[in-house]
Every structure is written in C-alpha cells, then in structure tokens.
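Note that the chains are named A, B, C and D in the order they appear, and that numbering of residues resets to 1 at the start of each chain.
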Amino acid sequence: MSIFIDNSTTVIVQGITGRDGGFHTKQMLEYGTRIVGGVTPGKGGQTFDGTVPVFNSVHAAVKATGANTSVIYVPPMFAADAMMEAADAGIRLIVCITEGVPVLDMTRVYPFVQEKGARLLGPNCPGLITPGQSKVGIIPGRICTPGHVGVVSRSGTLTYEIVYQLTRAGMGQSSCVGIGGDPINGTNFIDCLSAFENDPDTHAVAMMGEIGGTDEQEAAEFVATRMTKPVVGFIAGQTAPAGRRMGHAGAIISGSAGTATEKIEAFEQAGMGVAKRPIDFVTLLKARM
Amino acid sequence: MNIHEYQAKELLRAEGVPIPPGEIASTPEQAEAIAKKLGGMVVVKAQVHAGGRGKAGGVKLAKSPEEARELASRILGMKIKGLTVHTVLVTAAAEIASEAYVGIILDRATKKPVFMVSAAGGIDIEEVAATTPEKILKLPIDTRYGLLAYQASELGFFLFDDLKKVRAASKIMMALYQAFMKNGASLAEINPLVVTLAGDVIALDAKISIDDNELDRHPELEALRDETAEEPSEVDARNSHLTFIKLDGDVGCIVNGAGLAMATMDLVKYYGGEPANFLDIGGSSNPEKVVNALRIITAEPHVKAILFNIFGGITRTDDVANGIVTATKANPLKIPIVIRLTGTNEEIAMQILTENGFTASSDMDEAVKKAVALAKGGQAA
Amino acid sequence: MSIFIDNSTTVIVQGITGRDGGFHTKQMLEYGTRIVGGVTPGKGGQTFDGTVPVFNSVHAAVKATGANTSVIYVPPMFAADAMMEAADAGIRLIVCITEGVPVLDMTRVYPFVQEKGARLLGPNCPGLITPGQSKVGIIPGRICTPGHVGVVSRSGTLTYEIVYQLTRAGMGQSSCVGIGGDPINGTNFIDCLSAFENDPDTHAVAMMGEIGGTDEQEAAEFVATRMTKPVVGFIAGQTAPAGRRMGHAGAIISGSAGTATEKIEAFEQAGMGVAKRPIDFVTLLKARM
Amino acid sequence: MNIHEYQAKELLRAEGVPIPPGEIASTPEQAEAIAKKLGGMVVVKAQVHAGGRGKAGGVKLAKSPEEARELASRILGMKIKGLTVHTVLVTAAAEIASEAYVGIILDRATKKPVFMVSAAGGIDIEEVAATTPEKILKLPIDTRYGLLAYQASELGFFLFDDLKKVRAASKIMMALYQAFMKNGASLAEINPLVVTLAGDVIALDAKISIDDNELDRHPELEALRDETAEEPSEVDARNSHLTFIKLDGDVGCIVNGAGLAMATMDLVKYYGGEPANFLDIGGSSNPEKVVNALRIITAEPHVKAILFNIFGGITRTDDVANGIVTATKANPLKIPIVIRLTGTNEEIAMQILTENGFTASSDMDEAVKKAVALAKGGQAA
C-alpha cells in the first residue's frame, strides 16, 4: 500500500521535450514509473526517448493512453494553463513541479481543479514517490527504500536529507510527498496526513514544515484530533527574519504570524514528536513505531 | 517586490482612485518648485521601503514652498531603518475629517485575495486585527468572478452610512481591486483612506507589493524596482539568479534548496553559531552560480567561515565541486571553508575536491559543527 | 403540499422601493405572502408600507430576518449582481422577475448560484404561486385557486390565461411556476416536473412551452421515462417565422431548430396530451385525472 | 441586433484579427476610388442583413477599379431577400489555399458560449452539423475562466497540423472570443477563415449579432444599428417601445405578453385566419402604447381586422380601453376591431368601451373566431 501513487499509476509528462521534462522523464522511466505519454504542442506524433509517444494536447494523450496522472515541467507562465488542461482532460492526480507560478494564477487554478474533481500536488514541489513502485516528479529514487514511514514536506532537498537519513538508519518509507513551497497549493498537510492515516502500510509519519502561513498549526490540530498513528514534525526557518521571503514564495513570516516558534508549539500541544535537527527524526520515529 | 508610495499611487490613479496631486523630488530645490506649483500646504514624504516613516521624521507638513525646501533638505539623505532616503514625494495636503483603512492581501487560508477594511484608519491593521477584530471586515474575493458590485457596496457600508460616501468608497474598492489584479500584487493598501472636510473620499497613502513571480509577465513593473533602496549584496545576488538574504551572523551558508537552506541556518544556530545569510543556489548545476555565491558571501567582512551544504538530486555535486575549485583559484579564500556534499556524483565530487586540497564530509551535522567552530576562531573539530 | 413555496416561505424583496418592486410587494402582502424584508442600498433602516423593514444589503436582510427566499425587481443591468448577492447571502430560492438581463451575465450567474446551492427561478419570469398559501412574483393571485394541477410555463400572460380557464372549469392548482422566457435560466421544465412528480398534492401537470431551444424535447423525454403523473403540453409560436425573436429572448427558431412542430412531436412521442388551443387543457386534463 | 459585415470586421480588427484592408462605398465612384487605393484585385460585397448574398449576385470579384465601379453600380440598389443594398464593402481580394469555419454561439443547453470550428469552411455550418457532425469541433467555454490557452490550441489543432498555422489560428480564436465577450454578442462568426497561398491565416468574412439586452450597456454598439436595413414599421415600433414583427396575414394582433401574443397568432391560424403581425404591448398600462400599436398596425394596407387580446395582470384593462378610445377618436378606424379583455379592472374597461360604442368579449376563442371572420369580409359571428 501507499498513498496517491503505486505501480498501477500511469503518467503523462507535460513539457516532455523540454530540458527539465526530458531529464526527469528518463529518471522516472529508469525508476520504473509507467510513463505512457508526453505532451508538447506541435510535437504530436513524435516519440520521446524512442518509446514514449508525444501528443499535441493532454486531451489527446489521455484519449490515447488512458493515463490517470500527469506531471508538469513547463515554464511558470504556462503552468496554470497546463494544470487546468490536465484537470479538464480527466487526469486524477496532477503534479506540478514548476517553480515561480504567479500566486494569482493559483486563485483560478485551484477552484478549476476542484470543480473537475482532480487532486493537484504543488506547484513548486518535488512531486512524490512510493519506493519500489513509482515516482512522479524529481525526488531522487536511490535515496528511498520501501518501508512504513510516511513522509510529507513543504520542501525539496530538505526532504531528501531526511529520507536519506531514514534510509541510512534502516527505516523505509511507504510514500514520500512534497506538497511544495508556494502560498497556494493543491494538496496540503492534512490531505496527506489523512491519506497516511488510512494507509495500512504506513505506521508513522515524518512531517517537515517551514515558516509562513498556518498549515502546520492546522495539521497539528488534525493530528491531535483525527490521527491514531504517531507523527514527528520539524520546522525549518527558526532563524529566518520576519518579512523576508526565504526562497519559497510561501516561506515568509508576515508581521508576527507564521513563525517557527508558534508552529513548534502547535506540534508540542498536539502531542507530536518534535525534531530539533533533521537527524532527530530517526530516534523520535524509532521510539514511536 | 516592494514599490514606493508614489509608484503605488500612480498605479491606483490609473484605475481612477482619487489621490491628491504630487510629484517626486530628489533635491530640496525640486521640492520647493513642486510645492510652489501645487500651491497651499504640502506634505513632504520620504520614499523608502520601510514602515514607520512618520515616527522617524520622514513625513512633514510644509506651509510654504520655502518650508518644503527646508524639510526636503532634512529628509533627503536621512536614514530610516537603515535605508537612505534618496527621493521625497511632495503632495498637496488634505483637510482630514476621518480616516479609514482599506487593504487587499493574498490570503493563503482562503486561497483568495481578501479585502480588509476598517473605519479605524491610519493605524496598524495587524494590531486592530489582534485586539479588536470586530472593527475589521474581511471579505475574500473569488477571482473567477472578481469583486462584485454588492461586495464593493458591502465594504462601503462597513465604513460609511452616507450613501454618497458609500458609493465613492465602493468605486475606490473596485479600482483598488483592479490595480491589485492587473499588477499581480500580493498586497495593496490605502492607509489612510480619508474623508476630507469637503466630504470627498480620497487616498492619502498607498502601498503595493508585487508578487515576484509576476515580474516576467510585467516588465513595466520590473522597471519600477529601485535598487538604491535595497542591500547592494542582495541586488548583486538577484542579478546572479541567486536567492540571497543578508543576515548579521558569521557563518556564510551556501545551500541548494530553500528548505535545506533554512534547516542549515537553523542547525548553525543549534550548534551555537550565527548564520551570515540565507543562500539558495537552486536546483541547476551551473558552476557559475557557485562562483557568484562565493564572491557575494566573501565580500562581507563579518563572514568568518563558509559552509557548503549540498544534497545532490538534480544538482550534480561534481558541478558544485568544480565551481568551488574554479572560484577559489581565481580568488583565493582568506577564510576557512567547510564542505558537505552527498548525492548525485558524490564520489567524483569528493575526488575533485581532494585533488585540489579541500576536504569534504557527507554528514550535515558534522559539517555544521565544524563551520561554527571555525567561525569562532577555533580549530575544526 | 406544493412545490418550492408554501406558507412557511419567508421572502425579501430586492428593489422594494422601486416602482415595480413596491407595487408587487403590496400585491404579495395582500395575498398573504410572508414578506419579511426588503433591500435598497442607502435606504437601510427605513420601513416599506409601514411594516416591512428595508436593509442596505441582502446579507443584512437575511441576518436580521432569516428569510429563505428572495424576489428581484431591479433594472436589468443590476439583476446579475442581485442574483449573486442573494445566493451569497444564503437565500435558498431566488426569483428574478427582471426582463432584459444580458444573456452573457447569466453564463456567470448560473454557475455562481449552483456553487452556492441555491435555486434560481428566472430571470424574465412571472415567479410562482401556491394558491392559498404564498405567491412570489407577479402572477395575479385572484385567478388561481387551490387544487391538484401543477402548472409550469415559459410565459407570463399565457400562463394566466390557462390558469384562468382551469379555475373557471373548477380545476384548482397545486403550484404554478413561470420559468421565464430567457435562453439561459435557473430552473427548467425538468426541475419543475420532477418536483411535481414528488408532490403528493399534484395529480396532473399542465406545461406551456414555446419555440426556441430544446427544453421541451428534454422535458418530454423526462415525462416518458421518469413520470407517473399525466402531463398535458402546449407550444406557443406555431406561426412564428424563423430567425426572429418573438418578444422573449429565448423564443427564437435558430435555423431549423426549436420549431413548434418538433416540440409537439416530442410531446406526442412521450405520450403526453397535446393542447392545440389553451382551452384544450381543461378537457385533456379532466380526461386524465 | 445584426450588424453589417464591415462593422463586424471592425470589431474583430480591434482585437487583432488579421483582415484584408477595405472600405465601404455608397456610390460606384466611391467604390472605384477605394479599389484604386487598395490596388490589385478587389471584392465588392453587398452589406445587407441577409444570408446568401453570394448566390444572389451581391458579392463580385473586380480586376480593375473600373470593374469595381461597374459592379458596385449593379449591386447598389439591388434587392436581396427583400432588403435593398445601400452600401458595399470594397476589400482587397485574397488568394485562397483553404477555407475553414470558426464561430461562437451562445448555447442554451450548456449555458455557455460554444466554439464551433470546422476545416470544411465557407459553408453552411448547420448543414455540416446535421450531415457530418464529426467534421465539427464544439467546445463550450466557461466564461468564469474565459477561453484558456489550451482550448485555443485545441481549436487550432483541429483545423491545422502545421504549428505556425495552429498558433495563428489560436490567436484568432482568442481575439474572436474577446470580441464576442466585449461586445455582448450572441453570435460571432468568421466564415471563411482562410489560409492564403502565402500561408497566412486571415478572416475573409465576419458576422456578429449583438444580444439586444446588452445595448443599454453598449451605446457604441447601438450606434451601429442600420435602420435603413430594417422594416420601417419595425423601426417605428421599436422607437415606440413595442415588440413588433411584421408578417404577411390580415388579422392585426395587439396582445400583452409574448407567450400570449404567440398563442393568439396560433389561434388565428387555428381558426383559419392569418396573423398580420406579432405585437406585445408589454406589462405596463401606458395608453400611449395602445395608440402607437394601432397606428403601426393600421398603416399596413393588407390588415383587414384588428384583434385585441389583453389579459389584465399588471396591465390594467381600463388603461387599454382608454387607449383604444383615444386612438380611434383621433384616427377613426377604417377596418373592424375585435376586443377581448379580462382580468384587472375588467368591469370598468367594459363600461368604457360600451359607452364609446365598442363591444368586447372576455372569451379568447370567441374573439379570435370573430376577427378571422371579419378579416375574410364576413359578418361577425
């Protein structure tokens, strides 16, 4: 078991002939992900890497391949359209890797995707992986190993760091999900926590938050009231100054709201384990599993 | 991206928000000439990206052109929260009957732009929100439909009873929303929105922040950027496509990925050190970014040690290693460097570094501890 | 029993201080409709006709009165906003009398109202009446009498004509609903037929369609497949020329589509009674009840 | 409201649709001058609100300015489907490689504007839809989101394979949608959309219909109305705020309400007569409307009897009765009149009519039968 993707997931890549899209498509194929098609307008009829058919539109790709999942590597100004196209074409899980999507675009994309009944992950996220089955996005496959820790994070490389440390300590993962660092995104912590709670193969959850917003506080409330499985949390940005955007568009302390301190307090009040350093996840999770 | 008051006012004026006339001056003489042209009393206002200008003495009322010149000469060159005033706005003074607050922020929780209005104007809206939330009307706007007439009317009625003022305020709400949307703003504020003694509703001060992600779409807004109002090192970093924020510590951090960069800073602090900066070289493996990052960080005299923390995913660690070698050959380092890298092409990277006289570790905690110790002038652990 | 409104319906009037709004509010009050408030921006705090409180907004009116229904008499250019305001304020049934609403406005109003979960009747409709209980709109109360015929129509005065003839023949009505003559409206024939089918007090339905569109054809299909109660239909516009808008914005034969002939054929195929003249409703319904 | 081809083209050109240059002429000399200015071959096109202009000889190719003058002199004044040609459009001819159809209609079923495109262009789209529906792509547009880029691209790919043409077509789709929305259209059509021998994608003909309900919002569109292209009696009726459509029968109908007006016409036909018109005096009780209605209907020589059918709801029947009395006093009727009224103030109305020598009935069928008989020159039943 796993959340969101497994070995039955069939994927199309939007922007497959681009630099990033091409690179990561190869990585995903190597990992064993079932990439069934790609989309680049004007390159319909071509083949990517000798095996993957390319289409002019997501509609055409879905019609021909029956794909249920899409991963998006297109430039930021085209990402909103790509997400809406995927939702409109009947894609069930849309993973948008693109960073730099204007936030106002997302105020239209979000309700559009909701209306179509699809799940959106991202934008500005590393995607997700179910070790040994499928990876959709850019999380390096070789740092992961199958197991029972669910991982959910707002960040990319920080997630890799923690997954790497878990794997080194012999703790495999059920699924690892990067929800992305933007202020408006499709899937939030609670969506993932809820899925992990319902996934029999997940025994505990590692959750990496950061400064900005109140998603972590709401997630803590969810952990306290709705979850039976242990959750260990971490917040990046304890040393971040107020009012500055720390790389991620969403990682900003607005006035006095969204600080690491208030998030860590929420974790503690929810009875969660709190990792002070990335390495602490190993001991805290071990103690709880 | 922040823009100045006078720039924000231009964007609002373009949508029809009534704003007293005014022009900017960079010399006292210009200020005097503008005041003369405007006639009557004027306000001389420092244009800096900092709050609390009034308290700092950056906003003054002048009764004559001569006084405007005199005040401008005092305000120009003044430092407000570390930022030097290069420009003042000279604008006609208004006779104020009452003040209100009107703002739009891009709200994460509702995933919508949210109007915040309060009849308690000219104030810190965050404080009002915290202490007397009933004095604020918060109204999320569904951008698929835009600000609807009944909503603009509701906002107007929250501020005023008199229908004429309600209508004027509703029109301003519409204009403010247009300005917010058209310019890809993340915040747009009129504070205060005033009723004059003559009964007119006008905007006396304005603030607009642009979503950085919109700038590719809005070159005309990128042109509003005032680099003289920013940290030179941050300007340099942005022009080198690096995400960099200067801090006061002594451990210079070069990291790939925003989350890992923050976590690295936090770990520096955890082990008793102080980070000198946030720096994310991003996901690409361009060695030039490493070169630029080292240049910018080593230019700061208070940086005592450099810490690389690279988790190779998309980023190839051998590219980073090559960047380090190139940069330090061109400009030999005068301070110690600690390198942690792991992931893609780790072995090749280690070899490159070793061959060029560097040592590197694959353990994050170990590397951070070492960098902290070195910055304190101690030995590497 | 009845459909959509009964004596528990509480109504606010949008545009209550206008000429039409004021006139019909008095008519509705006279009929016994529970008018609990009115809305005219800038006249909040006043009282209409000495008894009905006026508010500046629908939100304020709903908050103060708990009204579940709204009826709209505002000029055409303000009608879209009025409908959306009512839906946003939690009104469950919105009846828009206003004629001349731009059709493109309705392409936004319709999904807005759907999203809020409200029912919209109209625009450009005479409203509805449940004889002896409540009337919302402009249908003359005195021509109606309580009984068991459900009446649904795209037209105003034609409906009065037929209701008048039914009443004269001793056949009372459960509810009479005017869905309006515009090409895009909130409630269609099927919505009303479905409600009449589920209303124990309705024993048969009189349905008045007209040229334009395919609503009557779809309604006939619904009658054939989903209804147990007898339905008698009529189509106005058999003598209308193609391509001309016959008063109602929706009453237009486009090319060869939307003719009276094809609608009447659909009625016949559905096994419905077909009234060739308005007066035929009496005999056709009597034969079926 | 229909507008002329040249007006529709102006609206499309304003949004950036590529359209060959052209100007309108109302004399052969003007046509010649325009052709001279344009140079090369031109097309002279009758501007009337009627389809089938080509078949009727209203569209001709001219090889020289002299021929353009000659053709214009033949087309100007020509009657097409009963409408006189007052204006021609003289426009540069294009060398056509292929033709496609692009249109937007406001669709009742989806409650959305729907794009219809077909590579089988220059044709009757209704016929294609009926016989070979697979040759048409229908794409409903959610106006909350507008025409999205991927949709414009899908429409383009349905017409063309070559990316350059797809992009050009997508841009035209966007522009057509903008024109449709901005101008409150109920239909906007480019037929044909052609690819020239040079590979350019351009609009050769265009049609736009405006939703009458939008005209209050768009006075600039109301100004495009060409009253010379309409029935004079219908222009008169519209200016008197009456909804009137002229037909060929002999029973003039004056009714309140569109549905009842249609049902009355149908009943005239049912009883063997022919209605002379559709006329809805609307819901208000203004006696002046009755006066105008009588004037317009009696001006038609083929009308042999007048039938009033009034169901008083909002309409007060006594107001209508007063209108009849006033109108017939000022202009005594030369043809018989049958009056049916019931509802609000019916007794007062009956009394007014009786006192003034009219008889009236309250039964619709009876009144219609009587009017039909009178129009046939027979006696009232």
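The criterion applied here is as follows: a residue touches a chain if its C-beta (ideal position, glycine included) is under 8 Å from a C-beta of that chain, and two chains touch if they have at least 3 such contacts.
What you are looking at is a predicted structure, and each value in this text was computed from that prediction instead of being measured.
Trainee: So which chains are sitting against subunit A and subunit D at once?
Mentor: Shared contacts of subunit A and subunit D: B.
Trainee: Between A-B and B-D, which chain pair shares more contacting C-beta pairs?
Mentor: Ranking A-B and B-D by C-beta contacts puts A-B first.
Trainee: If you average the CA atoms of subunit A and of subunit B, how many Å lie between those two points?
Mentor: 28
Trainee: Just give me the whole-number Å value for how far the CA centre of subunit A lies from that of subunit C.
Mentor: Centres of subunit A and subunit C (C-alpha means) sit 49 Å apart.
Trainee: Taking each chain's centre as the mean of its CA atoms, how far is subunit B from subunit C in angstrom?
Mentor: 55
Trainee: For subunit D, which residues are shared contacts with two or more other chains?
Mentor: 144-145
Trainee: When you check subunit A against every other chain, which residues touch at least two of them?
Mentor: Where subunit A meets two or more other chains at a single residue, that happens at 108.
Trainee: Between which chains does touch occur?
Mentor: Here the touching pairs of chains are A-B, A-D, B-C, B-D, C-D.
Trainee: In the complex formed with subunit A, which residues of subunit D make contact?
Mentor: 145, 148-150, 153-154, 157, 163, 166
Trainee: Across the complex, what residues on subunit C touch subunit B?
Mentor: These residues of subunit C touch subunit B: 41-42, 44, 56-59, 78, 81-82, 84-85, 88, 108, 112.
Trainee: What part of subunit D is in contact with subunit B in the complex they form?
Mentor: 144-145
Trainee: Touching residues of subunit C toward subunit D in the complex: what are they?
Mentor: Touch residues, subunit C against subunit D: 23, 76-77, 100-104, 106-108, 110-111, 126, 138-140, 143, 153-161, 164, 181, 183-184, 208, 210-215, 234, 236-241, 244-251, 255-256, 260, 276-279.
Trainee: Using the touch rule from the top, collect the residues of subunit B that touch subunit A in their complex.
Mentor: Contact set of subunit B toward subunit A: 106, 108-109, 111-113, 126, 142-144, 181, 184, 186, 211-214, 216-217, 243, 245, 247, 255-263, 265-270, 275, 278, 280, 283, 311-315, 342-344, 364-365.
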